[in-house]
Structure formats: C-alpha cells, structure tokens
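Shared chain: chain A. Partners: chain B in the first complex, chain C in the second.
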Partner chain A sequence: MTPRKLFRHETILALFVVVALFVLDRQSDRFFTLDNLFNQGRLMTEVGLIAIAMTFVIVTGGIDLSVGSILGLSAILLGVFWKSLGLPLPAAIGLALVVGTLAGLLNGLIITRFRVPPLIATLGTLALYRGIAEGVSQARSVRGYPDGFYVLGQGEVWGVPTQLWIFGLAAVVAAVVLGYTTWGRATYAVGSNEVAARFSGLGVDGTKIAIYAASGFAAATAAVIFVSRVSTTRSDMGTGIELDAITAVVLGGTSIFGGRGTVVGTLLGLVLIQALKNGLSLAGVKSDGTVVLIGAVLILTILVSNLFHRNANR
Partner chain B sequence: MLRTSLAAVAALSLSTGLASAQSAWTGGDDLPTSPLACDGAAAAAEAKPYDGGEPTDAPDRTGKPISVVDVPKLIGIGYFDATSKGMSEAAGEMGTIEATTDGPVEAKIDDQITVIDNYITKGVDGILFAANDPVAIAPVLKKALGAGINVVGYDANSEPDARQWFVNQAEFNGIGKAMIEAMVAEIGEDGAFAIVTSTFTTPNQARWISEMEAYAAQCHPEMTWLETVEAQEDNILSFNQANTLINKYGDELQGIFGMTSVATPASADAVTQAGQCGNIAVVGLATPNAMKPYVESDCVKSVVLWNPVDLGYAAAYVLRAAADQTLKPGDTSVEASRLGELQVINGSEILLGDPFIFTKDNIGDFDF
Partner chain C sequence: MTGAADPARRARPSALARFVSAYGQEIVIACAIVGLFVVVSAINPRFLGANNLNTIVSGNAYIAVAAIGMSMIIVTGNIDVSVGALIGVLATISGTLAVSGYPVWVAWIAPLFIGAAINGVVGTLVAYGRLPSIVVTLGMLSILRGGLVSFTGGAWINNLPPAFQIAQARWSGIPAPIWFMVILTVAAFLWMRHTAFGRSLYAIGGNAEAARAAGIPVERRIVQVFMIHGTVAGMATMLFATQLRVIQSTVPPNLELTVITASVIGGVSILGGTGTVIGSTLAAVLFAAIGSAMIFVNVSAYWLRAVIGLLILVTVLVDMARRNREFRSAR
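And then the complex of A and B:
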C-alpha cells in the first residue's frame, strides 16, 4: 500500500470509527452486544438505503433533496393502495415502489431535459411530493397490516434482522457497480467533468436519469421497510431524512462537487453516526447533546481528512 | 382525477354513516356523545375491563429505588418542560424515583422510537412517554414491556396493549362542559356565539364541538349557535375569520370559541383590535403564554386547558404505583398525593381531573 493510499479519506474515517467504537464500548457494557448491534442495524437501514443511492447522486455532482418526501409519498400510497383500493399487499408494495421510482425519474427528467440545477429541481419536488402525500392521506394514517408484513421491519431471518439482508445486498451491489463497472466509471466521469464526459460520448443524461430513478427506488424501498417497522403509515414519514443521508455521504468522503466518493466511505459514515447516536445515549448523554457532538465529529473528521490530503498532495 | 375519486370515497363513507345523525353544529363529528351532568356530579365510571399490557417477568420493585426515563414528543418546548417539572416534583416527594427527561429534538416518530429503544438497551425500570403516533410507537413499547419495564403514557396515548396505563389529561366531554360553562358565565344562558376551529374534519376539534353541543343542548338549551368557521391552524386566517364574524353578526355576536391554540389568541386579537373587549367574550383552548396579553388586559377571562405540571406529577405517581403493584388491572382509582384519588376510566386510563381554567389570578404561574 502506498502512503498515498494510506491517507485516503476512507482510511482516516475507518480509524475514527474504530476509536469511536472503542471509546463507546468503555462507556457502557450494553453497547457491544449482538442484540444492540443488530438493533442499530435495524434502525439504520432506511437512512442507509437512501444514503447508498445518494452517494451516486452526489458523485455526479448532483443532490437529491426530495428523498424524504418520496419516502412519505410511497408510504402513504402503500397504505392507500392496500386499504382504500383493496389491492393485495404485495401488489400495493410493488406499486408503491413503482411510484417512488417514477418520482425519482421525474427528478432526473427535470434536471436533464430542462437543465434545472439538481438542488432547485429536488427542492421543488421535495415540496411537491410531500404536498401530494399530505393531500392523499388527509392527515389520516393507515394501520392494521397483516402480521406477515411485519417480518420485514420487525422480524428476523436466520437470526439477523430481515432488513439488514436487504441493506447488505444493496450495499454490495452498489459498491460493485460504482467501483468496478464501466457504468460506475461513467458516473465518476459525469461528476468530474460533465462537458468532457459528453464529448467522450458518454450518455450523460441517461446516466443521471437512471441514478435519480434509483434514488427514488431506494427511498420507496426504505418507505416499505419503515412502514413495516413502525406498523403504520403517516404522511410526515421521512421528513428530514435527506439531511441524515447527505451527512453520512459527505462524512464518507464523497465530494459535494462530484467526481469523488465510494460506497464503503458512505457505509463508514453511516456506522460512525449511528454508533455515536446509540453509544452516547447509552453512556448517558441526552439527545440534544448527542446532536451537538455528532456535528462536532463531522467537522473534525472533514478537517483532519483535508489536512492529510493537503500533505499527501504536496 | 385524484380529487374526484377521493371525493367519491369520502361521499361513500359518509353515506354509510348516515344511520347516526349528522351534528347540527357544523364542525362536529357524528360519533355518539356523552355529556356530563349539569351539576358537579361526577360521571359514573363506565365499567370496562382492563385493556392495557403487562410487563413480562418484571422484578419486584416494591418500595425500591427505580430509574425512570420520560420521553415526551419532543424536548425543549415549554409544555413538556412543564410536564417534566411535575415529574421531578413527584420524584422529589417520593424519594424513590430517579426521573430523567430525554426525547427527540423534533416531534418525529422514528427519532422518538430510537430514543426509547436506546433506553431499553441501557436498562431502565420505567418509561413514561407522550406518543407522537399511537400505532408507530407500539412495537417499541411492547418491546419494553417484554423486557420487564413498567410503561406509562401521558398526554398522547399509544395503543392500549402497548403500555400499562395512560394518564388522560382531559376527556372530550370534560372539555366540552368546561368550555360551555365558561362561556355561559360571561354571556349568560341565552347568549349567541360562533366557533373558530381548525377544519371540520380535524378529529379532536370535531369531537370537542360535538360534546359542547350535546352539553349545551342538555344544560343550556337557550344558547344560540351562529356559525362555525374553518381557519386551519393558521394565525392570519384565524384572525381574518374572527374579524369576519365580528363584522358579519355585529351586536348579535356575544362570544367566540377558539378551538385551537392558534384560533384562540387570534380571535382575542381580532376582538381587541375591533375595540369589542367586554362586548364579545373569547373562550377557548390555548396555552397560557399566548394568552397572557389578552388575559392581563381583561379581554379574555378564561382559557381552558389542563395543567401540564399536574399531568407529569400524576404520571410519575401512576408509574410508581404500577411498579409497586399497588395499581393493578381492575382497580378503579389510584392515589396521587396532592392531587388526591384519581379515577380509572376506559379500562386502563387514569383521568387527571377536570380541565384547568387559566384566569388572571393564576396565568402568571405558568410558562409554556
């Protein structure tokens, strides 16, 4: 391993994660138990799925602020399709996933066809999708799903929370696609220099549309898992989750300007935040204090990483 | 297209509910009402079997010091600071409860679930909660019960079987009676009034209006209801709606009910600006801080709500009683020190008591 590689952001972040886990373990003997770790994985899955897709979005130099609203919309529609329209639950889940993907696709189309900056386009659809969700739900929640559905969000398969299998699969697929396929390299190319990518004959628009659609699909999947975990649907589900996802992605070393970032980094970012939230709470720090500490760690990590980078690039 | 199909669905559900008569006052719902007696006689507690949950294999906590976490909807707002204050007052009196308040910084269900989950892992003896969503919070509370933790709710309930007891701050019929009585005290038995509510379909407000109507029909039949107007929970819209009422009805209008914590101060503001203080009474549900200016200027005489300090105080005593097993399924009352004997209602709820009326004399004591 060359020294250059050693000072990668991911390496530094991994070091932070190890230190954090070690320190938090010292604070409470309940932290490093299998039960707690699985439980934290359960709580992390929804943000995690969204953050993985968000990594791709941010690598292209874009951003998707509408994921929380897509989550809310898909969740509400899942309930409406099932309860009000009387569809079988698997069909309702399928349709909710389709709607989420279409919502993401629409983001992609607005961004590529009308050249609207992603920040503005998804800020618009953030309001739009949430508004539709509120309108459809009429402030009423849908409950009383069949017990079998709760296996997804509250149950276990082979001793591991069900949704962790989904999350693990998504993480592996995403890491391989971004790291080892031509499609992944096209994603980096779009983010580093869009004009050059275009002149190199890459399908820039197609890549972007597919990525925003995937982001919508991830948000809809998160919605289904979320509904199963909390056993009800509400139109305000997922409010603010986009910021949690973006935080994890940026903490994971993905450049907000595009062209740089890995799925592994995002996973490390997710783990660090979740470990801090849980570990600090077990250590007796209250929620308000935890939020402050997470903000501080975020800034510290980025600062340290930048410091090493400047040295390494010299 | 979506709207029309939604309207069709709504129409369908309405037509199926035709059996029960629609409320005569606009804004009420068509659920059955249960008005309280006109005099002070307490309503006979309806016998309903216990429908709460039970902690699994809870250790014997009788008389032992216990650690309790209070998880409100969110932290950092005056209302839940007040409930938290009540809990520490109770803890101070008992000396055997160590109560800490911790909750989400925003009223989000998933954050609240995470906070509770972490405290289950940490290992506490008791959990007090005010749910952001009755169903969403149920799985994590059941997990707590399964871990042998005593679970008691206050302010906002969960599904009954997900907790042991719930301290109910006010029943709909209690609020209905308090509102009508406060209005009668100001405008008399034959006064005419209007209502500013959020929307006609908001569940709590619709329930209160129906109970007010039922109580008025039974105890003060000479009162005249003029109109109910919708004002969302929007400050400016509430003000405009109240203003419209004042102009529309002129001298006929003697009182305005504010059904939300936004509508009440906005109506008071409209009455103040119209120079009608003393001519048009404003009675409503609101928090004291928003109403202080109008109460202190004598424009508003009574603000109806409950006392959140007492609510937290009662919740702490109920939790202690549940942990000590002095409050068991089937009991009809529980002792809560300075609040006296509290009644068990609806199977597994404990009624805090009559609604609290904030007046010029006591409103200064509250800060939320």
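And then the complex of A and C:
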C-alpha cells in the first residue's frame, strides 16, 4: 500500500463511517441491534438503488436529475395498470419497469443525439415525467394491493428484508461491472476524456444511452419497492430523491466532473448518511438537525479529499 | 464589387441580422408569450383582463428577480441549487423581524445582507476551496433546509404588520413587484453588457484560464458574483415574503429548479459564457402565463408541469439545432 493509495477518498470515508458508527453506538444501545440495522436497510434501499446507477452516470461526467420523477411516474403507472386497466399485478410491475427504462432511454437519446447537456436534458424530463405522473393520477392515490405484493417491501426472505437481497445483488453486480469489466473501463474513459474515448474507438454514445436507461430502470425498481413498502401509490413519490442520491454519490468520492469514482465509495456514502440520520434520531437529535449535519459533512469531506488529492498530484 | 462574393460585406451582416442572432432566444420567448396571449384570449377573452395580467406577472415577479442572480451565476459557468432554500430562510428571518417590532424597512433590507453573507461563504468555497459549485450548493441546500425547519419547528409566521406587505403596493397603478422586476432586469442587463465587471463574468464563463491571463481576478469575481446573487435573492425574498399575510416557514418546493429553468429557457447556456437576464425574465413571465392560461382554457392544472417540461425540451432542442448549425457554418 503506497501512501497515495492509503489516502484515497474511500479510506478517509471509511474512517468517517467507523468513527460515526462508534460514536452512535455509545449514544444509544438500540443502534447496533439487528432489528434496527435491517430497518435502516429497508429505508436505504430506494435511494441506494438510484445512487448506484447515478454513480455510473456521474462517472461519465453526466448527471440525472429526472430519477425522482421517473420513480413517481413508474409508481403511478404501476397503480394505474393494475387498478384502472385491470392487468395482473406481475404484468403491471413489468410494464412499470419498462416505462421507467424507456424514460431513461429517452434521456440518453436527448443527451447523445442532440448534444444537450445532461443537466438541462434531465431538468426538462424532471418536469415532464413528474407532470405526466400528476396529470395521469389527478392527485388520486391507489391502495389495496394484494398481500403477496407487500413481501417485497415489508417482508423477509431467510430472515433478511426482501429488498436488501435486491439491493445487495445490484451493488455487487454494479461494483463488478464498473471495476472489472471492459465496459466499466469504457465508462471511466468516457468521463475522463470523451474525445479521446471516441478516437480510441469506444462506443461513447452507446455507453451513455445504456447508462441512462439503467438509471431509469433503477428508479423504476425503486418505485416498485417504494409502493410495496408504504402500501400506496401517489404522484409526489420520490420528489427530491435525486438530490439525496447525488449527495451519497459525491460523498462517496465520485468526481462531479467524471472519470473518477467507485460503487464501494457510493455504498460508504449511503451508509454514512443513513447511520447519521438514524443514530442521531435515536440520540434525540431532531431529523432536521441531521439534515444540516449531512450538508456540512458533504462539503467537509469533499474539501478534505480535495486537499489530499491535490497534494498527491504534485 | 459583387455583393455576395465580397468577404468584407459577408463578415458584416445587417444590423437586424446581428440583433436577431444575438437575441434569438429572447425573441423566440417574446413571440411565444404573444402567441399564447393571442390564442388563449381568442378562446376566453377574460384572460386579457387587466386584473389577470397583473396577477400573472406580479405574483411571479419574485421568480424573475431570483432568476436574474441565477443567470449571473450560470453565465460564469457555475450553478446554485440552494436558492429556493435560501429564499425560504430569508423569508422567515424577514417575517420574524417584522413581527418582533423592528421597522419594516429593516425587515425588507436584512435579507439582502444576510443573503450576501451566506452566498459569500458559498462563493469562497467555490473559488478558493476549488469545490464544484453544484456540490457546495447541494450541501448548502441541506444546511439551510434543515436549519430552517429545526429553528422554526414548522410554525407559520402570522400577524405581519400591514405596512410590511410591499408586494401588495401599487405605484402609479402598477403593482410594486412589476416595478422591481422591470427595473432590476434592465439594470442588470445594462450592467452585464456595458461595465468591465459585467463583461468579465462572460469572460470567466467562456474561458476561465483566458480570463485569468487577461488579468481578471477570477477568484475574487466569483466570490463577488455569488454575493450579488445572494443580495438579489434577498430582493426576491422581499417580494415573496410580503405577498400574503402569513409566511410558511418551509422551503417553497422546487423553487430552485423553477429559477434555474427560467434562466436556461431564457437562453443562458449552462456551459457558461452566453445569455441575458432579459431572456430569463421573459421566461419567468411565460411560465406564469402558461399556468394561468391552462385555467382559462379549462385544462386540469395537474398537467401544468408536463407542459412546462415539454416546453423546456422543445426550447432546448431548437436552441441546440440552431447552435449546431451556426457552429457548422462558422467553420
């Protein structure tokens, strides 16, 4: 281990996480119980799935602000397909996932074919997708799903919350794809120097379109789990979740300019945020105070990591 | 001397052509507003009533004002996603001062200074800490939003003194917010076009390294423009907080996105270096007019956001097509 490697962002963040867990454990004896940790895992899954896909998006130098709206749209359509159109629930779930993926695909096409900056393109689709969700639902919520559906968001499989299996699988697959496949290397190449990547014969546009489609798919999956967890469908679901996901990704050391970042970092970022939220509320701090702390931690971590990074470059 | 082949003449297009190419986006939006008014008033003539026009513009003037500061930030190649939270915090401070017996002018002016101070910190972190502005303002968004709710506990501010309600005043028959919006827009436009300071913002957004080489103190300018943006957000707060007799001590949802959208639709390139505040103000008026028009033509207001989203995408795609064509013909 060279010092350069030791001081990488993930190491600093892991130290932060360990310190935070230690301090929070001392504050409340309920923090380190299996029940509490599993419950926190449930709460983390939706933003976690989105953040994992967002890691890829930001590594390419892009951003996806529309994920919260895709979540809302997929959730509403899940309810409409099942209740209003009378489709069987599995088919409704499948269609909701397809719509979410198509919404992401449209983002990718606008960004690559028309050269629209990702921030603007997804700002537009953020309004568009949420608008369609609001227009379709007309502020009506859908409830009364069959009991079997709630296994996904409220039940357990082999003693572990169902959605944690999905989240774990997604995290492992994403970490392997980004870290150890040629496709993952291409993602970094696109983010660090798009022109060079193009001249090296990489399918830059194809890579980007696939990543935005995957981001849409992740948001739709999060939507299905969300609906199952809270037992209802509303058009304002997932509002602002894009900022939570981006915070976790950036906290995890992914450069907002692209080319740098790992899935492990994002997972550490997610855990740190969730641990702070939960631990501080157990210790009696109001949740709004925690939000302040998360903002401060975000700025501080990037500042510290920036200092180390710059020193290492010199 | 055949006109078409004369390179000197080709390099100097007519004044009208230059005006159209420099203010293309502003012209498109102005036409969209006029078109909207013609179509909607044909369907429902009451849309053109003076009362409705005043409501449309004065109720949303604070968005246009906030978009002026945002446009300056985006012109330098930065962004601020915390402006909605900032306005929420400043409104609560302003209202608290007004009900605690301070003179109303103190309650109006205080947000300007506090906004400048808060955004001065943001600007310092961006310029000297070398942090991306989206990261700093994302963190600031959490800090302001969380701080606001934990400070107020979600309680509303009631019993505001009537003298505080500057947004309901009329000067020469025209609502005060419209005066603010128009004067600030024109002043900011002229300032950005015709002063060395204003032009340096475009230079920094166009190419920060070149601006530095040309002797512009880039870091100091970025801190200053963030402080100006904070001051302008304080003015937006003055119009926002004095609209109603109560102040909800929560952050207005999605306000930052509405403000950014107005700037971008107004032609401020997110890549920095181009755009004017006339465009962003026109775009804010257009949004307000669309929202009102949907009521007058009996479309469910739940479709409003879908229409705005579609509008953003169409504008951006048209703009990109125009830019790509200009880029190709310039080569």
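Keep in mind that, in the parts below, the second predicted complex is superposed on the first by the 314 of 314 C-alpha atoms of A that agree within 3 Å, B and C clash if a C-alpha of one lies under 4 Å from a C-alpha of the other, contacts with A are read in each partner's own complex, and residues count from 1 in each chain.
One rule holds in what follows: contacts are C-beta pairs under 8 Å (C-beta built on N, C-alpha and C of every residue); 3 or more make two chains touch, one makes a residue touch a chain.
Everything quoted here is computed from the prediction, not taken from an experiment.
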Inset, instruction - Examine A:V250 and indicate which partner it touches, taking first as chain B and second as chain C; both and neither are also allowed. - result: second
Inset, instruction - Could you say whether A:S231 touches chain B, chain C, both of them, or neither, answering first, second, both or neither? - result: first
Inset, instruction - Considering only touches as defined above, state whether A:I120 meets chain B (first), chain C (second), both or neither. - result: second
Inset, instruction - Quick one: classify A:N278 as touching chain B (first), chain C (second), both or neither. - result: first
Inset, instruction - Return first, second, both or neither, reflecting whether A:D288 touches chain B, chain C, both chains, or no partner chain. - result: both
Legend entry - Per-residue contact with chain A, leading partner among chain C and chain B: C
Legend entry - First (chain B), second (chain C), both or neither touched by A:T239: both
Inset, instruction - Give one of first, second, both or neither to describe whether A:I299 is in contact with chain B, with chain C, with both, or with none. - result: second
Inset, instruction - Pick out the shared contact residues on chain A: the ones touching chain B in one complex and chain C in the other. - result: 135, 138-139, 239, 286, 288, 291
Legend entry - Footprint of chain B on chain A - complex, ascending: 28, 30, 33, 35-36, 39, 43, 46, 84, 135-136, 138-139, 141, 143, 150, 154, 226, 229-232, 234, 236-237, 239-240, 277-278, 281-282, 286-288, 291
Legend entry - Touch list for chain C against partner chain A, complex: 79, 81, 125, 129-132, 134-136, 138-150, 253-254, 257, 260-261, 264, 270-271, 300, 302-310, 312-313, 316-317, 320-321, 324
Inset, instruction - Enumerate the contact residues on chain A facing chain C in the complex. - result: 63, 65, 110, 114-117, 119-121, 123-132, 134-135, 137-139, 239, 243, 246-247, 250, 256-257, 286, 288-296, 298-299, 302-303, 306, 310
Legend entry - Complex interface listing, chain B residues touching chain A: 2, 6, 9, 75-76, 100, 102-106, 108-111, 113-115, 117-119, 121-123, 133, 135-139, 201-202
